[in-house]
Amino acid sequence: MTTQITIPIGPQHPLLKEPLSFMINVEGERVVDSALRLGYVHRGIERLCQTKTYIQNLHLFERVCGICSHVHTTAYCQGVEALLGLEVPLRGLHLRTLMCELERVHSHLLWLGVLGENIGFQTIFMYAWRDREIALDIMEELSGGRVTHAGNVIGGVQIDISDEQFYSIVYRLNDLEQRVEKLLDVILHERTLRARTQGIGYLSPEEIRRYCVVGPVARASGVDIDLRRDSRYAAYGRLHVNVALAHEGDVWARTLVRAREAIESLRLCRQLLVALPEGPTRVRAPRRVPPGEVVSRAEAPRGELVYYIRSDGSDKPARIKIRTPTLTSLITVHDQLEGVETADISVVLSGIDLCIACADR
Amino acid sequence: MTDLLDALAKLLLFPGFAFLFACAMLFAWIDRRVIARLQGRVGPPWFQPLADWIKLLAKEDVLPVGANEWACTMLPIFSLAAVLAASVYIPVGGWSIQAFEGDLIVVLFLLSIPPLAYFLGGWATGGVYSVIGGNRSLLQYFSYEVPFLMALCSPAILSGSWSIAQIAARQSETIWGVFLQPLGFVLAVVGLIGKLKRVPFDIPKAKSEIVAGPLTEFSGRKLALWHLSIETKTVVGIFLLVNAFLGGSGVTGLLPPPVTFAVKSMLVLLLLSVTSVLYARLRIDQLANLGWRVLAPLALLQIAVTVWIGVR
Amino acid sequence: MRQPWLQSILGRCVRWARRRSPWVLHYNSGGCNGCDIEILDLLTPRYDVERLGILKEASPRHADILLCTGPVTRQSRDRLRRIYEQMPAPKWVIAIGSCACSGGVFAGGFNVEGGIDGLLPVDVYVPGCPCRPEAMIDGILTLLEQVQ
Amino acid sequence: MNVSQILAFLQETLPSERLEAQEMPINEQVISLPPQTLRPAVQALLEQSDVYHLSTITGQDMDGQIELLYHFWHGGGLTLRISLPRQEPSIDTIIDLIPGAAFYEREIVEMLGVSFLGHPDPQPLLLPEDWEGSPPLRREFALPEEREEEEG
């Protein structure tokens, strides 16, 4: 049989939480070709931010993506602070990093749940999201927001932590670590999960390098890049980050990498809390930013996040360019999809951790 | 006249269609509730399946342009009718509406009609997801049906009768099929999961892949009938397994027959619910492999052993 | 079916069923994902809306309530309208989140057309950026109280 | 590999230019290149150094020219700065060297109207197909709000 049919995936499809359109040509049950259409969530943020002041933009950039909201403002604030020549107090840097790591835990657990749902494993979805609530609770307690936190300001953070909170948070982090380890155990041993994810969506290290892929997808193929260790921004210079690596390059390896990263993040959170210095959490920042340009990088849950900021001396940015990690892995989808079964489309797409709001901006 | 009334009451009320409908709602609720509890949730209230059903009945009934309206109306009815017809021959807690020597075969035959209606339903609406779902359901049908049939043959061979009531009676006198033929029971349960399209064999209606499979374009009353047909099929399938492997309503001790039967049915339902919590959905080729490389040979082995025992 | 008493009983049954079995469909027409993951959160153990009979459906044909998140972008506009048209009556729309209500922070962007109500008849507005799951449950229940 | 080494061998590949590295905050080095030397420079980077990761390409509308910034990451930041004329800007594509640049180039095509010579599929990435008017990141493009302000 050589007749091809076209399956539309999206913009509205249960597999996708956000709109994105894939036209997938199928021969029998095998994928022959795929075409991607982005832009359903394109809000023109890079243009819109030029009409807002640096402080208003904090609010906007937090909403580039609702999952990794804190790391967006981290990269943005870090860039603006560099332009201003501000030295953020150590306590502020620690708290900023703490939120980044909590966000990573929440993002990875969220992803694990979505993968579970996409391969028909409802229970994993329920358990991962139940455990994720612990991380959300801690973030809510610190900042007042479950998903967007408004924790970062230019010059530091506007959150602080008291002694009682310290103990309760450490206690809950330990609890969460045990739960994540249990989930990791399931990933390692559950046979149907392995049957669905092993050998699917393979990317070789060479492909990763050629497509400039970042984050857990790259690390699952054995490409060792992690800005937390390589760039040592925020408080990461004071920590020892163990980078989780795998070499299989398939969706299963990505699952493992993400689960191990979540455990490592919880460990980092404890390190950050124990070494939390005394002092102020922020310094005052002027409204106007001197002319100049800066490239600010941070490691989002999905990989390298790049902000390019140029100031012309006014209180509004002249140009801000955001490159989100999802865009890098979207390029590889076409290659990953070629030749897989139609049933595995959902596995491949969830494997790269789609965040269309990030990719479209 | 009284005979006729009696027969009608049996057919329509108990243990006929009304009873089956009530069971379908009850089983659907228990199933959802058990799954929810195992996933750490609360789950729906007891009237949930009924509310869903009434709501669907009262909703607008639309079909996409290009769908075959006649087929789309008739297929859910066919499917439901086949299940109801099968239920007539299955003894429930000691009562049965109809029985004759060989009704097992009739039931098995009638139970294989709904998958075909399901497949045709996918083609009749004509949506992409529906057609793919329909094709998958047919492929799946080929994978589970043979092991399922062979697994249900062995209790019949062992008890020397093709009547469901006879098989159940023989087992409750001697020893339950599940102890004598554990392999056969496992195969029958796996086959039943495939028949009911439950996780891990919910391939034809895989939500994240093809939306809702053949039912994607159905709405309103037709969807309600499809749901009812699937829910009654669950009940009939469970009752069949209870009769064929667990000794039916046979008295095992102190409990009266209807209670025994109810307890056994609940056990099988629990088994189905727990299985659907424990596994991820398989791929269609993985299911075909499982069906033909593992289940079918095992079923053959099972029959061979049964015949050998029967001869001795 | 002409008898008024029969009709009133049937009507009551249907209203009872509709209030207890709202199946929702979710479409993000351009939001930031924050509200979307909170909607998914409704299904999980802490909020578990299945106890209220709420199911998240995959096909527009099965759904009663359309949960819209995000502002309407130019590309999403036609798609959103089509999804709404595919849903069988009676159907309702809930705008979830500030941007679905009014455009929110994204109002004024070159690709953004504003809130959902410029396109579809919205029954309930749930503001918040992002909305808390409790607020969404409250929004759905507010809608159900009005169901006739 | 540090930036002075990179600068040295880039200078070797492009003997006719005078290359200089400027510093940007947060560990970033910027080297300005004329447009026609971009491809040889990228090729040299890929072949002779361990720089392979293109983070992104930023395009911006400066006063007299369109600027493209190719941001690389190799343990430190390296940015290649290219200036193009505002009228019909065009430059050679690099996606045959770095396939990962495909989306970034497409975005610059639609957002700034720069054409990439040799790009196999330069259709819009984010904007709707029926987009009319000037590319949204050009200076002459005004948001509805800004238009009202100008008129009012």
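As written, the chain order gives the labels A, B, C and D, with residue 1 at the start of each chain.
We adopt the following convention: a contact is a pair of C-beta atoms (placed from the backbone, for glycine too) under 8 Å apart; a residue touches a chain by one contact, two chains touch by 3 or more.
Computed from a predicted model, the values in this text were never measured in an experiment.
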### Task
Can you pull out the chain pair that has more C-beta pairs in contact than any other?
A-C
### Message
Suppose chain centres are the mean of their C-alpha atoms. Which chain sits farthest from chain C?
### Response
D
## Note on the structure
Note: chain D sits from chain A at a C-alpha centroid distance in Å of 25
### Query
Roughly how many whole angstrom separate the Cα centroids of chain C and chain D?
43
### Task
Measure off the straight-line distance from the CA centroid of chain B to the CA centroid of chain C, and report it in whole Å.
34
### Query
Which parts of chain B, given as residue numbers and ranges, touch two or more other chains?
39-41, 207, 211
### Query
Do you know which chain D residues sit against two or more other chains?
127-128, 136, 141, 143, 145
### Message
Multi-chain contacts only, two chains or more: what residues does chain A have there?
### Response
13-14, 39, 42, 44, 47-48, 51, 126, 130
### Query
Taking all chains into account, which pairs touch?
A-B, A-C, A-D, B-C, C-D
### chain A residues within the chain B interface of the complex
5-8, 13-15, 29, 116-124, 126-127, 130, 190, 192-193, 195-196, 341-346
### Query
Can you list the residues on chain B that touch chain C in the complex?
32, 36, 39-45, 47-48, 50-55, 58-62, 207, 211-212, 215-220, 223
### Query
For chain B, which residues are in contact with chain A within the complex?
35, 38-41, 128-129, 131-132, 199-200, 202-203, 206-211, 277-286
### Summary
The residues of chain D that touch chain A in their complex are 24-28, 52-56, 58-60, 69, 71, 73, 75, 77, 79, 98-104, 111, 124-128, 136-137, 141, 143, 145-146
#### Entry: chain C-touching residues of chain D, taken from the complex the two chains share
127-128, 136, 141, 143-145
